[in-house]
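Letters are used for the chains, namely A, B, C and D, taken in the order the chains are written, and counting of residues starts over at 1 for each.
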Amino acid sequence: MAKQHIGLIGLGSMGTPLAYNLLAAGYPLTVYNRTAEKVKPLVEKGAKQADKSEDVAQPGGLVITMLSNDEAVKEVAMNDAFASRLGKGGIHLSMSTISPDTARQLAEHHARFGVLYVAAPVLGRPQAIADRKAWACVSGEASAREVAKPILLAGAVQSVYDFGDEPAAANVVKLAGNFLIASAIEAMSEAMTVAGKSGIDRQTLLNLLTETIFPSPIYKNYGQTIIDRTYDKPGGFRLPLGLKDMNLVLQLASEAETPMPLAQLLQNRLQTAVAKGRTDWDWTGLAAGAADDAGL
Amino acid sequence: MAKQHIGLIGLGSMGTPLAYNLLAAGYPLTVYNRTAEKVKPLVEKGAKQADKSEDVAQPGGLVITMLSNDEAVKEVAMNDAFASRLGKGGIHLSMSTISPDTARQLAEHHARFGVLYVAAPVLGRPQAIADRKAWACVSGEASAREVAKPILLAGAVQSVYDFGDEPAAANVVKLAGNFLIASAIEAMSEAMTVAGKSGIDRQTLLNLLTETIFPSPIYKNYGQTIIDRTYDKPGGFRLPLGLKDMNLVLQLASEAETPMPLAQLLQNRLQTAVAKGRTDWDWTGLAAGAADDAGL
Amino acid sequence: MAKQHIGLIGLGSMGTPLAYNLLAAGYPLTVYNRTAEKVKPLVEKGAKQADKSEDVAQPGGLVITMLSNDEAVKEVAMNDAFASRLGKGGIHLSMSTISPDTARQLAEHHARFGVLYVAAPVLGRPQAIADRKAWACVSGEASAREVAKPILLAGAVQSVYDFGDEPAAANVVKLAGNFLIASAIEAMSEAMTVAGKSGIDRQTLLNLLTETIFPSPIYKNYGQTIIDRTYDKPGGFRLPLGLKDMNLVLQLASEAETPMPLAQLLQNRLQTAVAKGRTDWDWTGLAAGAADDAGL
Amino acid sequence: MAKQHIGLIGLGSMGTPLAYNLLAAGYPLTVYNRTAEKVKPLVEKGAKQADKSEDVAQPGGLVITMLSNDEAVKEVAMNDAFASRLGKGGIHLSMSTISPDTARQLAEHHARFGVLYVAAPVLGRPQAIADRKAWACVSGEASAREVAKPILLAGAVQSVYDFGDEPAAANVVKLAGNFLIASAIEAMSEAMTVAGKSGIDRQTLLNLLTETIFPSPIYKNYGQTIIDRTYDKPGGFRLPLGLKDMNLVLQLASEAETPMPLAQLLQNRLQTAVAKGRTDWDWTGLAAGAADDAGL
């Protein structure tokens, strides 16, 4: 049986390996990217190129957006040309990390055109997507979620966590995940600073922690970055984006009437770093706050 | 070659499996416990029983203390009968979780008698010791550390992390570890509270986190306790002991001139729980703070 | 010389004494209030009654708004009927406590009609307005500020503090003032809680503080409320409004890239109180947070 | 009737004006100071000079200590020569700012000799003592308090606040006062930083605040220091002493099971300043923390 056609908007560091995986799995694929040169190698592998973003869609089909922020997703998807072209029964599979608010707005907008919205933000770095070893959390209309799951598995992830019908739920989960990562960074930062100033070898401490009770890539990788103070290395998640995420966490906390003092501390660390001009650092650089305050 | 004789003071939930393992490994063992009935089954396995704590020692030999707090260790070991009986070249292997300050005092006291002090606090629950799957961090005089390592491996742990000559270093490391555990509890608590109030299924969220980026027993076990709110289950680490540890962390922070706002937040949570009378809870109960503040 | 005609929208607890003062000072006055019965006693004193809010304005004249929140001010003033009736050279003297953002939007909206916007939020309770003992901070277009000052002095305040041309400046100042008040409440709350639990007579402590280094009505009045725990007395400033203000402070902090950990703590206290259902309390009730956490 | 003889130990910036006032009021006075040259001008005014600190005492008489810290007071007063010379019915009027713990220890020590301990720490700068415009809080044995009050009024203060029999109570009150001062500094610091970065004139803001709702010397003087950033001016209260006081506040909080997050924030600010080497600053310099974090 012929596989379902997929439209894909966004060929950044996440969208590109996704596209290759989908082609390799045999999905007919039409792609769009703002800068066209990224499209060419995919066309050579069999993808079709769309001239306008909405042209990736087939009526009643499925379109993936994999873009860098809320504004970019809104620009291509919160417009009537996109939704009317997808049309009744079409599915918008939104894999970008966006705010719960934007997710809700998109779902409402699409509903007026009979388009189903599925949120599926991904946990993992570009290489993990290439290896189909990332993870996705998914939420939105039930039948559309079922359509989305095999595509996510074929294109990017090793497993899918289902958070039900509420379109914004998966985005809430993604924010919770990022909050937990930032919390681990702050915790390690304070621990490493006080241990280092007390004469403890920090590398042995990190080895102990990550080989015993915290065998997590988060603790391993971010912990090493804290020891090496390589906050300005390229390729990571920029600090101002981390601040934006923490602002979204606190907005969520406010809506849910849930005081989150640790999230506030993290926002402070990130805000301080931005105010000090560390805008091109990886967000692990929030760890420099504890060191600064200790006079290092 | 005959194995070295070992004296062991303390047959609580940690000391008892340690004693069985040492006997099984062929070490001649003399034990002392305040309540004598715990001694009998070990005597049946070949251990000797001492009537007074200092009588477990052989001149120039090795004595392990595995007791519940600083005061208990000071009572048996910071006295001249103990140190003079162990005598020149004797080793005190201190496996209890005590403060860096007490460790330093013990090392100084022992030095006057030629006794070598080695700190070796253990990470892990009683069952992990029984299975020799716990971990130890070790610090103190170099030659004595080397004597201690095979005994730790035979009796309790799968690996030993060496933090050098400073007697208190291993205790600093243990405190850093407990700080990181409490930080993870607070982070999960805030995340679970805001997610739950936002309609997210908390169990699926925990599964996602611990099967992907946080595959750590800390996140799994404490996270489940937070979801189930089983803070008063027996057998864990009591909340007032957690508060005591966080006070020690902040004392360390003060000595090292290192502001630790996250440690302060954790102290607040634990202090609040104690002030509310939750003194028989497991220290995971600090997680109730975020829920209380959210009106749950 | 005949005095300038004044239009006044809003006859709440603040607007009513203002209206009486302006009439007593000889200003021709036209008033509007949503519930008309509050208008009658003023008409007996010589005021004219408008049927619609925009009808209080005379072309090129001056209109005061004294309403309870941003939405109410926007409804009557961010509309073209209001601004076109006031017209070129007309002045909107906005005395409500609103957000800097709303102030900026109003100024921009009015500018399209040639209407000048002056922000003049007031510090002081209704009785202080009646006695013309309140204070105003003022900002906006320079010539309009000069027109506004004698009217503020005649109607409500003993002095006017001038913060220049930027329309939102006076609202920023008002928020800073509220932040300082809430900070004093939290400080007294923690001090009173720890002193009380340490056996200190709290009334003597408050007397000492307010008769010596803190001879401020804020410390006196709020301090007494904390001692008496009369958080639910009528007539004050509701707790959810305090939370709204603290959210505005933190939004300002975010725009100005200024971490404000004390403002975050206050937001937490207020958010906790709202989550616990204390929505009809005076905002001094944020002080209950420290007492709750101390198990009282 | 002849006035009671007074012994005075400590002729620093606080003790010296106290001594002049007591002489001017007709009290027979014997003084001791570690560096003897400060004694001479007082001898010319009629004071007697003691060669050893305990020699200022007359049996059954009254001795004032006015020294810089706990250690200095303990050295002269927690010794048997001092207490046995004062003897049964003698009074030790302790005017230094010391910890509640030291106060309790002194009271217990003195009791063994029949000496009565009265704590009377003073609020106010040296000039206020010279003008007898400072304030005292007093606690300790009832009859001894009554003896102390007229001496305090003649020597240093305009009024005395009585906190009852518990010897340490007045020291707890003094700590609470310092906590409130530091809280006001932090609050003004955050307010001034966010207002300044938002384009508000900070001097006008300070004038507004201190002429209206905060007419307190604390807000006026410390506020001006924050605006002028003159943290390194001589003559104030050194930052490390402020940190010491905040540590005492948190120790008190711990004993009273009262979480004090604002006190923790202040400790952080002071600890950060010390770690950055600002040890010769006035403690108002804790205000630099908010400015640092805002990238100023």
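Operating definition for what follows: a contact is a pair of C-beta atoms (placed from the backbone, for glycine too) under 8 Å apart; a residue touches a chain by one contact, two chains touch by 3 or more.
Quick caveat, the model's predicted, so the values are computed rather than measured.
Trainee: Can you work out the rotation angle that lays chain C over chain D using Cα coordinates, in steps of 5 degrees?
Mentor: 180
Trainee: Chain A-chain D contact: same residues or different, taking over half shared as same?
Mentor: Both copies, chain A as well as chain D, present the same residues to each other, with over half of the numbers appearing on both sides.
Trainee: Roughly how far is chain C from chain D, centre to centre by C-alpha average, rounded to an integer in Å?
Mentor: So the centroids are 39 Å from each other.
Trainee: Go ahead and note the Å separation of the Cα centroids belonging to chain A and chain D.
Mentor: 56
Trainee: List the centre-to-centre spacing of chain A and chain C in whole Å, with centres computed as mean CA coordinates.
Mentor: 42
Trainee: By the touch rule stated above, which residues of chain D touch at least two different other chains?
Mentor: Residue numbers touching two or more other chains: 253, 257-259, 261, 265, 268, 271-272, 275, 293-295.
Trainee: Inside the complex, what are the residues of chain D that reach chain B?
Mentor: Residues 247, 253-254, 257-259, 261, 264-265, 267-268, 271-272, 274-275.
Trainee: Tell me, which parts of chain B touch chain A in their complex?
Mentor: Residues 100, 123, 135, 137, 159, 161-164, 166, 169, 172-173, 176-177, 179-181, 183-184, 186-188, 190-191, 193-195, 197-201, 204-205, 207-209, 211-219, 249, 252-253, 255-263, 265, 290, 293-295 of chain B touch chain A in their complex.
Trainee: Going by the contact rule at the top, pick out the chain A residues touching chain D in the complex.
Mentor: 261, 268, 271-272, 275-277, 292-295
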